[in-house]
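Structures follow.
You will see subunit A twice below: alongside subunit B first, and alongside subunit C after that.
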Partner chain A sequence: MKLYLALILLLPLLGGLFNALLGRMLPRRLGEAIACGVIWGAFVCAVLVLLQFTGPTKIEYGSWLAAFDLQAPIAIYLDQLSLGLTLMITFVCGLIHLYSVGYMREEPDFARYFALLNIFVFAMLVLVLAGNLPLLYLGWEGVGFCSYALIGFWYREEKNATAGRKAFIVTRVGDTAFGIAIVWMFQISGSVSITQLNAMGSLIPAGIVTALGILLLIGAAGKSAQLPLSVWLPDAMAGPTPVSAQIHAATMVTAGVYLLARMFPLIGGSEAVRAAIALTGGVTAFYAAASACRQRDLKRILAYSTISQIGYMVLGVGVGALTAATFHLLTHAFFKALLFLAAGCVITALHHQQDIFRMGGLKERLPAVYWPFLAGALCLAGFPLTGGFFSKDAILGAVFERGGPLYAGLFALGLLTALLTAFYTFRMLLVVFHGEENLPHPHPDPPREGEGIHSALPSVMTVTLWPLALLGLLGGILNLPSYLGVHGLLDGFLGDMPGLMRPEPLSHGTEMILQLVAATVSLAGLGLARSRYAGSRRAAVLAAEEAGSKLSDFLLNGWRLDDLYRLLFIRPFERIARLCWKGVDEAGIDGALDGLARLTARLGRLPAAWSSGRVATSLFGLAGGVCVLLAYVAWLITG
Partner chain B sequence: MLGNYPILTIMVFLPLAGCLLLLPAWRHPAAARPIALGVALLELALTGWLYSSWRGLAVAQTGLPGFFLLEDLPWIEAFGIRYTLGLDGISLLMVMLTAFSFCVALAVSWRAVGKRVGLFLALLLAMESGIMGVFLALDLALFYLFWEVMLIPMFFLIGVWGHGRRIYSTIKFFLFTMAGSLLMLLAIIALHLIYAQQTGIATFALHELLKTRLPAGTQLWLFAAFFLAFAIKFPLFPLHTWLPDAHTDAPTAGSVILAGLLLKTGSYGLIRFGYPLFPEAAQQLTPLFYTLALIGIGYASLVAFAQEDMKRLIAYSSIGHMGYVAIGIAAWQPVALTGSIIQMANHGVTTGALFAMVGMLDERAHTREIASFGGLWGKVPLWSFFFLFFSLASVGLPGLNNFVGEFLVLAGTMKKAPLVAGLAFLGIVLTLIYMVRLVQEVCFQEDRQPLSLVDLDLRELSLLAAVALLVVWMGVHPGPLLDLIHAPVQLLSGGVP
Partner chain C sequence: MIVPLEHILILAGLLFFLGMGGLLAWRANLIMMLVCIEVMLNAVMLVFVGGSARWGNADGQLFAIFIMALTSSEVSLALAMVVYLHRRKRTVDTDVFSEMKG
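Our next item is the complex of A and B:
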């Protein structure tokens, strides 16, 4: 097992290094084969580990940071949570790598792309498998860097490079909070090991646990694009679409949820922290779902939807429903990766057109994309009996069960969000795939060059959609509700995890009623979308949406958070930076010193016999002064 | 066996002896360069050999705890000045950094320096001797001598081979550092006299002077004088303004040495002399030290963000990075101090590499203005790759070297001053902001000027690849270096083993 675990990490790293160092010189096929091969190799190793898995284990490979009482070795902590995520990551990323071979088939710089994609998987797996927080932080920052480099992959366009930079900086604000939490935990407990810290939960004063929990929440909010650090994710869509699927939907953005779940035995002890986590998740889910309703860029709809769905997961962690949150994390990884990959097919077919108002009627032209996309949309909308339905409902059920005004409010907000989710999902589906093929709705510009449909997609792009579609649709099997008379697989698997707080199971009756409500809400959202975007009202509605309104502009711009931050942080920062340089450094400090030098020079010129050079006078002055001082001190001490 | 040879003396004077070797080749740059590089490589090999055998040496006792090697001879007996060189883990790390940095400095000036090559190389080698001496001297008078000796070559390097306002910059550099070091000289003499008064023994030996009993007031004044000298070198806000000018106008080799080594003499001095000699005074000034270091981190990062010249930006970034070293020293806690010392080496390697790379670009484009670049990833992919790599190291990406030092500093400081550690942590966001701005505007986006550039040649490529490997090694497997400084840090800070 030690070897397999090492291989899980080393294969993607070596693949990445190979492509980074040699990829440019070797044939394209070889680079692609290695990039995909290492990820599938890691998946096979993960399966082998699963077969041998008997219970949580710690494995140490060597020393990393070791100074006095600070010990952070290269160590893996394997338990149900990290193993489950490892399987998901290697499998989904494996599919996305294959898809990338098709998507990037015309990209000359494929070596850089695959190198970064591989190294990303390595960093993500380090994050998930790390046995101590500094090592987890290594993975955490590593995925952040890969995300930065891949968002700005097409670096020539300033917009892309800026989006990458924004993602890097905004997430690092969160990373800082996480970092402070790590050193604080070290200060209190003298340890940075995850298991030791979690075991120490009850020994740490409550106030400090609350503070630590809030810091970790800020860290999670940065990585998982939760409020108020959510602004980077919509812009991150500037990257290639498979990157959005891999990093900004399936894996990296859920790292925050993972972190909170991982440290839950420690931070979950504080009621305030749990409430803050739940509130952040619930409000973010609503904010992003509302924003998604008025987006017109296909990928931005999906980005906001990702923020919103992660909000659900965070909400789930907040109410202590770790199994439900992990369950939703897994199903979401499948169906959101699917939606992004399918969107990538649409975008490729339409020659990089991403505006949904310039699509329409694609169902007939791209059936191989339509059906998987529909499967993903059903899951996202929480259509009854899909994977997304069961996992989202598990979270809402847990929120309901908590009771009290806060959680009742969050439950209502969660239901409202579910309605919006079904609405925007089917808005997207209907506008893109249904309606008239020849774009009946007006748009002012003449069609650009290259517009039109290019329906011959490489088969590797459409084939990879199916496994994800099946997993998304049937993902519910992972954890069927107990009223069906079965014991949920995931419940059983995660249930043994040490330190897991098990929420009281719902009674069967309540659970069934909740699921009926959820199903109704989802269908209502679907009906609402249908009434607007299908049939006779479609043309009028689309025209009205194109025209825009105050509210829709507000939603389109993500509640104007970017403008707010520009006003509050970016502009003052730039101004203060300039002021420090020109005002303080040059005019203030140097101005005073140059003045002093001039004064010395002038004084030095008074005895005319002295040299007139500035250096010499200054030096003489200095040396003379020092001699006097020296003599004085000598006299003081000896006398 | 080692003890039979005056190996430390050889280390100090080998580069100076190398200057003599240069004499026959004075007017033949093509011959002089390999000679100088050969001497520097020999010195590097010597330090490598010392490093490979330090565990064996550590077993033997030298009389001074923690020191592997000691060479002690009477020198100016009238004043009790002795010629004492000693090597412990900290010195060895610094000596290795010195030998390495000079190899880098010589390699980057291979093509860049064309005028008076013989003199240039001789000055570099003389400076190497001076810096080696600073890191090895254990007699305060001897230390002061080396401290001054290392400045003079730098004065000429900037003044003769510099660019822009080089005369202004070099005088500013000289005046700043002289002002500080003269005060330190005063303090050294005062300490010597007080000790002589108390014991009747005239000595400048560090291990003797450590026993001086100082009244609180005197201690504070003497420490203040040392502190000022070292703070200027560091440099701490607001004593930093010599550094951007000196860096910007210095030749590339000068910048590499300035960032890699001269700044480290300040932090080394505090660790070796300032804190051990005046522990109570140091304790008293700790809040001031923290404050200046924190201001330095925030302020320098802000100013760096506003810069228009690449070299100036990296110069300001140096001030910010050294702020972390300062915080770790101020905390005077085992983990933090370990972090500071490792960070001194890390910063020397990464910032030295960044300066070298800007120098390479300057040689090609004849400008360092950020606004004249853009899209270099497409034009000079190798250069851009390494530039991104060293920038990532500089922003403290875990797995690369700087993270190790910064993390240890912050983790250790957290135990002493949680608020300081928290505020310093915020600084890592600022570092990222200015570095990614630099990388984006230089390497990404569209080209802003039609420059035709050639990518790295084999000499530059192998140099940068070697440094990059070192960066990864120090970041992934810092254990051996942490072990090396464990014992001296423990002795200094009284940490539990």
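Our next item is the complex of A and C:
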């Protein structure tokens, strides 16, 4: 088991190093095979670990940071939560690596791509398996770096490089809060081990627990693109689509949820922290779902829906329903990766066209993409009996169960979000795949050279969609509601995790009613989308949306959050920077130095005039000197 | 001694500053400058001779003879250089020779 766990971490690292160092010198096939092979190898190891798994274990491989009280060894803490995530990460990333082989088949810089992708998986697994917070932070920063490098993968375009920097800087805000929290925890308890910290939850004063919880929440919000640090994720779509699927949908962005769930025994002791987490999640879910309703870039719709779905997970953690949150995390990873990969197929087939208003009627042309995409959309919309339905409903049920005005409000907001989710999901599906080909008329310009559909997608791209579609659709089996008379697999698996706070199970009647409500809401959203984007009203609605309005502009720009930040932070910062640059540096420091230099140069030119080389000047100097000397002698004599 | 030392010194000073004034003023002609230098040297010699007479010591006169020998050799050298300079630039104006400009 120790060996398998080490291999899970080492294989992706070795693959990444191999591709980074040698990838460019070796044939392309070999690099691709190694990149995919190490991830699948890690998956096999993870399955072997699962077979041997008996209970939470701590395994130490060696010392890493050790100074006085600070002990942060290279240690793995394996429990149900981290094992489940490891399985999911290695499986989904393995599929995405395979897909990348097809997607990046014309990319000359494949070695850098696969090296970063592999190292990302390594960092993500370190994050998930870490037994202490510094090691977790190492993985946390590692995934942040890989995310930055991969968003700006096509860095020759200024826009992509800027998006990468934006993601890096915004997440850094959260990381700083997380870093402060780690140092503070060490200062209070003298330990950075996750299990020891969690066990100490009751000993730490409530006020400090609240502050720590808020700091961790900020850290999680940065990584998981929750309000108010959500602005980087839509822009992060500048990267290659498999990267969006892997990093910005399935794995890295859920790291915040994982962190909160991991530290929940510690921070969950504070009622205020739990309320703050739930509120952040609920409001973010609604904010992003509303924004997604008016996006017109296929990948941005998916980005906002990711923010929204992670909002659900955070909400779930906030109400203490860790099982439900993890359940949603897993199903979301499957169906969101699926949606992104399918979107990548569409975008490739349309020669990098991402505007959904310039798509349409792709159902007949790309059936191999349509059906998996439909499956993903059904899951995302929470269509009854899909994986997404059960997991989302589990979270909403837990929120409902909490009661009280705050949680009742969040429950209502969650339902509204579910309605919006179903609406925008089917808006996307209907606009892209149904209707007539190359719709809207407001674009009278003739199709450009080479535009049109090229249906020869590499089969590796479409084949990888199927396992994800199956897992997304059937994900519900992982944790069926108990009224069906079965015990949820995931409930049982995660249930005996130490330190887990188990919410009171809902009565079967309430749960059934809640699921009926959720199903109705989802179907209502579907119906609403259908009435607008299918049938006779489609053309008129699309034209109206194309024209835009105040509200739709507001939503299209993500509630103008970027503008708010520009006003609040960027502009004052630029002003201060300009003051420091132009005022202090150029005018003050440089000015003083330049002035001094000019002064000495001018002073130097005075005696330089004496060395004109003319005999007369020397003679006058001599005569003047004699006169001065004589005058001095005369003064000496008379004085 | 009939002539008092003060008079000799005044005469020598007058001669010296006359020579110096001429040296500074007559820059347009190198030969005239050499002449002025001779005048200044003569003033110095006069002081030596006057001092020698005043204190009854022969050292001053010895120096005067030395200076005479020195000036004659100096003038012969200087005139040779004047000829050389004139050959180079067809002029004896010292302001034209400013190659030593730093």
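In this text, the second predicted complex is superposed on the first by the 574 of 639 C-alpha atoms of A that agree within 3 Å, B and C clash if a C-alpha of one lies under 4 Å from a C-alpha of the other, contacts with A are read in each partner's own complex, and residues count from 1 in each chain.
FYI, a contact is a pair of C-beta atoms (placed from the backbone, for glycine too) under 8 Å apart; a residue touches a chain by one contact, two chains touch by 3 or more.
All figures in this text were calculated on a predicted structure; none of them were measured in a lab.
> Answer with first, second, both or neither: which of subunit B and subunit C does A:281 touch in the superposed model?
A:281 sits against neither subunit B nor subunit C.
> Is A:576 in contact with subunit B, with subunit C, with both, or with neither (first, second, both, neither)?
A:576: touches subunit B, not subunit C.
> Of subunit B and subunit C, which one touches more residues of subunit A?
For subunit A, the partner with the higher number of touched residues is B.
> Could you look at A:240 and tell me whether it touches subunit B, subunit C, both or neither (first, second, both, neither)?
Neither: A:240 stays clear of subunit B and subunit C.
> Quick one: classify A:158 as touching subunit B (first), subunit C (second), both or neither.
In the superposition, A:158 contacts subunit B only.
> Is there a shared patch on subunit A that both subunit B and subunit C touch, and which residues make it up?
Common interface on subunit A, subunit B vs subunit C: 614-615, 619, 623, 626.
> Touching residues of subunit A toward subunit B in the complex: what are they?
Where subunit A meets subunit B, its residues are 62-70, 134, 137-138, 141-142, 145, 148, 152, 155-158, 161-162, 164-165, 168-169, 172-173, 175-176, 179-180, 182-184, 186-187, 573-574, 576-578, 580-582, 584-585, 589-590, 593, 597, 614-615, 618-619, 622-623, 626, 629-630, 633-634, 637-638.
> Sort out for me which residues of subunit A touch subunit C in the complex.
608, 611-616, 619-620, 623, 626
> If we count contacts the way the header does, which residues on subunit B are in touch with subunit A in the complex?
171-172, 174-175, 178-179, 182-183, 185-186, 189-190, 193-194, 197, 238, 241, 244, 299, 302-303, 305-307, 334-335, 338-339, 375, 377-378, 392, 397-399, 403-404, 407-408, 410-412, 414-415, 418, 421-422, 425-426, 428-429, 432-433, 436-437, 440, 443-446, 476-479, 482, 486, 490, 495-497
> Within the complex, which stretch of subunit C touches subunit A?
Against subunit A, subunit C makes touches at 20, 23-24, 27, 94-95, 97-102.
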